[in-house]
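Which chain is which? They are A, B, C and D, in the order written, and residues in each are numbered from 1.
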Amino acid sequence: MSFERIKPHFPWITLVVLILIVGIANPSFFDPAGLLTLVSDVVPLFIMALGMTFAIYIGGIDLSVQQLANLVTVIATVYLAEFGIAVAVIAIVAGFAIGVISGFVTTRLYVPSFVSTLAMGFVALSAAKFLSGQRALYMDAELRDASFGWMFGNTAGIPHELAIAVVLLVVAWFLQTRTTFGRALKAVGSGELAAIASGLNVDRVKILAFAISGVFAAIAGLLFSVKLSGGDANLANGFLLLAIVAVLVGGTPLTGGVGGVVNTAIGTLIVMVIRSAMVYLEIDATQQQMVFGIVLIAAIALTIDRSKLRGVVK
Amino acid sequence: MSFIKKFIEQEKISRRNLLLASAYGISGAAAMRMFGPSPVQAATYADPTIAWSYRNRTNPYWNEIVSGGEAFVESLGKPKDSLTHLINEGSSEKSLADVKALLAKTNGELALAIDTNDAPNCRPVVEACAGAGAYVSTLWNKTDDLHPWDFGDNYVSHMTWSDEKPAEQTARILLEAIGGKGGVVHLGGIASNNPAIERLQGLKNALKDYPDVELLDAQPADWDTQKANQIMSSFITRYGDEITGVHCANDTIGYGVLEALRAEGMSVPIVTYDGNPQAVELVAKGDILATVFTNPHWGGGVTAALAYHAATGAFKPSEEPNEHREFYGPTIMITPEDAVEFKAAYLDNVPTYDWKDFWGPSNGQILYK
Amino acid sequence: MTDITAQSAPGARFLTRERIIKWTPLLVLVFLVLLFPFFEWLEDFGAGKEHMYLADSRFFSIRNAARIFIAATPALMVAIGVTFIIIMGSIDLSMEGTVSVCAVIFAFAFIGWGGTLASWAWLAIPVALLVGAALGFINGLVHVRLKIPSFMASLAMGFVGTGLALLLTGGDRIRVEDELFRSLLTVRWFNFPIMVYVAAVMLLIAWFIQSRTTLGRNFYAVGGGEELAHASGLNVNRVRIMGFTLAGVFFAVGALLAVGRIGIAETATGNNFMFVSITSVVVGGTALWGGIGGVWNTLVGVLIVNVINNGMVVIGLPNFLQDGVLGILVILAVVLSTDRKSVSFVK
Amino acid sequence: MYELRQVDKHFPGVHALKAVDFKVNRHEIVGLVGENGAGKSTLMKVIYGAYQPDGGDVLIDGTVVRFQNPRMAMDHGIGMVFQEQSLILNLTVMENIFLGYEQQFVKLGVIDWKAMSEAARRQLAKVKLDIDPAMTTSDLSFAQRQLVELAKVLTLEERIDGDLVILLDEPTSVLAQEEVELLFSLVRDLTKRASFIFVSHRMEEVLELSDRIYVMKDGAVVDVVAHDGADKDAIQHKMVGRDVDKEYYREQKQKPYDEDKVLVRFDGVSSGNRYTDISFALHPGEVLCLVGTEGSGREAILRTIFGLETPTKGQVTIKGETISRFTAQNGVKLGVGYTPRERKIEGIVAGMNVYENMTLSQMGNYASAGVLKVNEEKSLARTWIERLGIKTPDVYKDCGGLSGGNQQKVVLAKWRSAGADIMLLDHPTRGLDIGAKEDVYEMIREMCAAGVGVVLVADTLEEAIGLSHTIIVLKDGAFQKRFDGKPGSKPSLYDLVHHMI
């Protein structure tokens, strides 16, 4: 098999190699139950990265996801008592709305998504601070279990969280590969001008991409909120850069049109392995961040398929 | 020859069955432990892994905490670096994920001391530890509905500091120093953090007795020196000479405030919190009127010690009274008069603590409002 | 012959429009500077106090200008550094790590070599600049040689930088108490502390690099059309690496000023610079897709962001609203200063 | 003087150059022709140093040289004037001219703008262009830019002591007839100093200008013809390896159109200052050709019909419906198809495969409730691949990897399969080789026969005359003259040029 043919497979090869390295250094890493927990813990991050994939796939970025998830943790906690399971609807609507506004500002007002989504994130943060009264809130355990207990059970050893992630991945994959919307996304990501000249409503496609990103961020926030049984305006901090990293390491470059949601699944797992490697390999506390950065550079260098980065590398 | 072939076939099959069975055995047993109900009689461990999970290493407060943890580990005759560090970088998600990874790695043979970064994160961390048979002691962040005694032995203890009273005391020092009139500003921590709320409340409580002092403004500076610096300079613009005193939620905020005042050539009394070595020096010099020492070194050590000794079975948490499971940490007020003395006693030579005296310096059971 | 030269240039007709758009960021800044005093006036008016608009404004005063400048200078240096990169059409997200490392190494060297500018410790300044250059250089190498898009390369390098700073300090903070060094903040000439003048000099140097040196002009060439520049014989990779190196130097200057401002070097010194600086650059009118803008735009952009931050506190806007208002104002500023006719699409 | 001996170049799966011998003498203009994919562009890239050959030698004055990059080639006096505009639009004219060679104007690290401006003025004088060197390049017209490109390459004159070799890659494609004449006279003047390699699809121009002509096919030089012995038919024969019908206009194949029905009607339509007060009607089966120089408003009219540009005045009616909202979606819905000039940018989506490209404008037809029926898409693609003879290994091939002609066929298939009955063709044969061009002409005729109305902006005037029923001549956005181009009454080239300029 030639080098060129292996290239597209680099992301998962990298993943397998990393798993093997960690596992060989510390065989307890291979404990299936432990691995299962590790994987199900990365689910909120994964869902967020999944949404981010859509924004990056069209060549944009969504920096509002973390603040949006913060907002949703607050919404979920504040309104759980009042609306029960319907807070999920409110959360998703909120995510959709903020995504639509980001998309609108980007496409119609020509503000680069880097700035528009960052700014919309600030707006979401303000809303979260306002709603939460700037306090950490927690959910009533009974109410939580009544409405969302199903999110965290186990069926036949499979954590429900993981099942949710798989369902969402399948939905996202279906959206990306099997629907007109997914095809339009690809066209916009690979050749926006050609998409316009083919009569696609490019603005609508882009706005929808940001909206989907927002919806997934909201789901991630909801899941996280239920998991932690509470919410505040900083609860989801730390998600943003990792979500971006997960998408990029999976092999969806910022140039758009390449990669996709399955790549993001692999990318998230890579991030998870690198992160837990810190624990398993007992990396010194003060060295962890540097090691993370260096491994990240190596992983990205390995996983991006440069032949598909058309034109210049910027 | 066919019987030989048959024999080999049979051998293959039984070997495969054996492998399958053992594989199931491992995962099945582990799964039982991970997801089954928490054991009634908690298992104890001869040599559990000791770990500290905290926010970051860039804040001197957490360095003090860690030094306590390391001192405790050394007191067991182990090397310093046998303490496992989990750093969450201010992310609850990472905090929880790291704990789970460590639980998986150690198979639950773990004594964990942790600040869960955000109160809501405490429940899943504790539940995960209890589920895995590990022992956990928490510091600072915990929601009010969560209690160690609801988890048998595995949730060993929770320690926090009642910041309201000490913050009120520093506020009184400040208010006295400005002669009971004028205006003060407060620069707080991350608004939703419990200590930030309590420390502001302390100031408000004190102000009730000083009707001539106005609380001009209170803004969160997120425990960040640079942010505090910028907010303070904006305060100076808005209130100018009306500001006669500054109440800061911690020392790092205080540094930023001091520099903002210095840039203006202003000198306004300020009080801070935490009692970091540098702040204590500034108190000794008179730049800061007062700070509150919460003895993070002891807090970091004893939190790890509680988890460890519970894990080894040296004491049984469920047999301890509630005030031994949820308690306040010690606070020591530092003012210019005693700063030098304090520095000599606590900072220049770190006292050697008896890490088995879990509750000696503590400050009573936690009260909920 | 005449036919070709006499053809009216298609762009010439829009010159006035373009000129207006070019100056919009400055207009936005002026508007904001006049807006916040208005709220002050409104507040005093509501309370029935005497208040002359502007004349009685606390916001609109020299002393507050100095405060805004003090807050803005480190961010300005960082933003200038990243401006060069953005002009090239790339992006640099490594500033937080680089600033932290430079600050920490500077502080260690400064303390170690005497602790005052009046000794050999002044050498810590060039050392810090060299460290910045080296980090930028490595960043550029990773980006160019490993062919990793700059967004990813610099993001990862940022992690490495922060990690390195943490490794060096072990989490401690280092105080730089030298009065001479701190005179950056404490000594004022004509109402403004020395650090403002240092920043002004660096701004002029940046402007000089941008407009009068080959390297500066090459940034625009790369941003305007990298493949074309390459085909014209320009060593684009070299320009890129030098760009990142130059950016690293400016990050280092930013680190020095940040240490000068609060007298503390720590791993957290670099925090929050990333989004603030890039937002400032964009708000100032430098396009993220490259080729347009420059350091003066960045100055205006940084001032806009800092004026908003300062003004919101000064007019007493509730804290929980501040983030959202900043976000909306940033969007408005960018919307106003974007030439929608010259952009075909934005991502 | 400049020589390639037995040069070989391989790419994965392709033997792009096969033992090519190539020679340029002093003061000579060498033509280079060949179909797309014959290896011309690879050969050029080897010459100016963008590619390094795998085998054979590059010699200058008998010495073997090896160029690692274009810069090294330039230092040996080899310069390239690019087909695609290679000026950087946000830079000034003088910066573009001296890009990469600013060092000569740098004193103590400072660029001396005055000196550079003066030097640039001297370069511009060489191409007889009188503009301010400090102008921003984006403000220039296309023709001006082309001349600036030439001026830029001519800086080699001062820089290099020895001889110069200048490659001209399709330099005339954006020029009007008169501008071409000007360029040619310049080139002839400059042979005193430099040799030229002239690459063009316009056979007449190559024949007119070149002293010798290299003919390439399948990566090899198949013939070298001297100017005097050159015969267009013979060369074309060698290029394609088959007979090309020399009867250019093929009037006999043109069918009359249906004059009773109107597909598109323009009534006094203006769009800003791109075009003003344009009126015409397009009928089923008609080829309406818009003729004019670059910037005469031809493309803007096409884009208005498609919906990409909103007119400022006048009324546009498509199939009886007066258009109020100009969007491409609306255009597509009304059955308008658009084949843009920038095929690689606007025509196909590189990175998407053949069937994805073909259904891009009509996904609704291949989906139910938003879910794509991929199998139907593939079978559609297979049908059209066969029908148009698109050369692709399968329907999964990335369109970015197809040759220009096949890309164009994919674009046409996209619109035809969607049932578009108003086709807007902007330079549909641009950059195509003769064989592919013929295919496109054939498709246009087929479409007309099927009742499609075509608005064409042709690559050459001959093409316009040959294909069209109606010709509208534009100049500076204003209507000049309407010609009826029915078989037997075609206007002459002169008629058109006369009104264009």
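Worth a mention:
Just so it is clear, a residue touches a chain if its C-beta (ideal position, glycine included) is under 8 Å from a C-beta of that chain, and two chains touch if they have at least 3 such contacts.
The structure presented is a predicted model; accordingly, all values stated were derived computationally and were not measured.
Farthest from subunit C in terms of Cα centroid separation is D.
Each chain gets a centre from the mean of its Cα atoms; for subunit A and subunit D, those two points are 43 Å apart. A straight line joining the Cα centres of subunit B and subunit C is 36 Å long.
For this pair, subunit B with subunit D, the centres built from the Cα atoms lie 69 Å apart.
Between the CA-based centres of subunit A and subunit C the separation comes to 30 Å, rounded to the whole angstrom. Counting partner chains per residue, subunit A has residues 129, 134, 193, 196, 286, 288-289 touching two or more of them. For subunit D, residues touching at least two other chains: there are none. In subunit B, the residues that reach two or more other chains under the touch definition are 57, 66, 191, 220. This structure has the following touching chain pairs: A-B, A-C, A-D, B-C, C-D.
Of all residues in subunit A, those touching subunit D in their complex are 4, 178-181, 183-184, 186-187, 189-191, 193-201, 257-258, 308, 310.
Note for the complex: subunit A touches subunit B at residues 26, 28-29, 31-38, 41-42, 44-45, 73, 77, 129, 132, 134-138, 140-141, 154, 157, 224-225, 227-239, 242, 272, 275-276, 278-280, 282, 284-286, 288-289. Those residues of subunit B that touch subunit A in the shared complex are 26-27, 30-31, 33-35, 57, 66, 81, 84-94, 96-98, 100-105, 107, 118-121, 123-124, 141, 143-145, 190-194, 197, 220. Those residues of subunit A that touch subunit C in the complex are listed here as 58-60, 63, 105-107, 109-116, 118-123, 125-127, 129-130, 134, 192-193, 196, 202, 206, 241, 244-245, 248, 253-256, 286-294, 296-297, 300-301, 304, 306, 309, 311-314. Of all the residues in subunit C, the ones that touch subunit D in their complex are 1, 3-5, 7, 9-13, 208, 212-214, 217-218, 220-221, 223-225, 228-235, 291-292.
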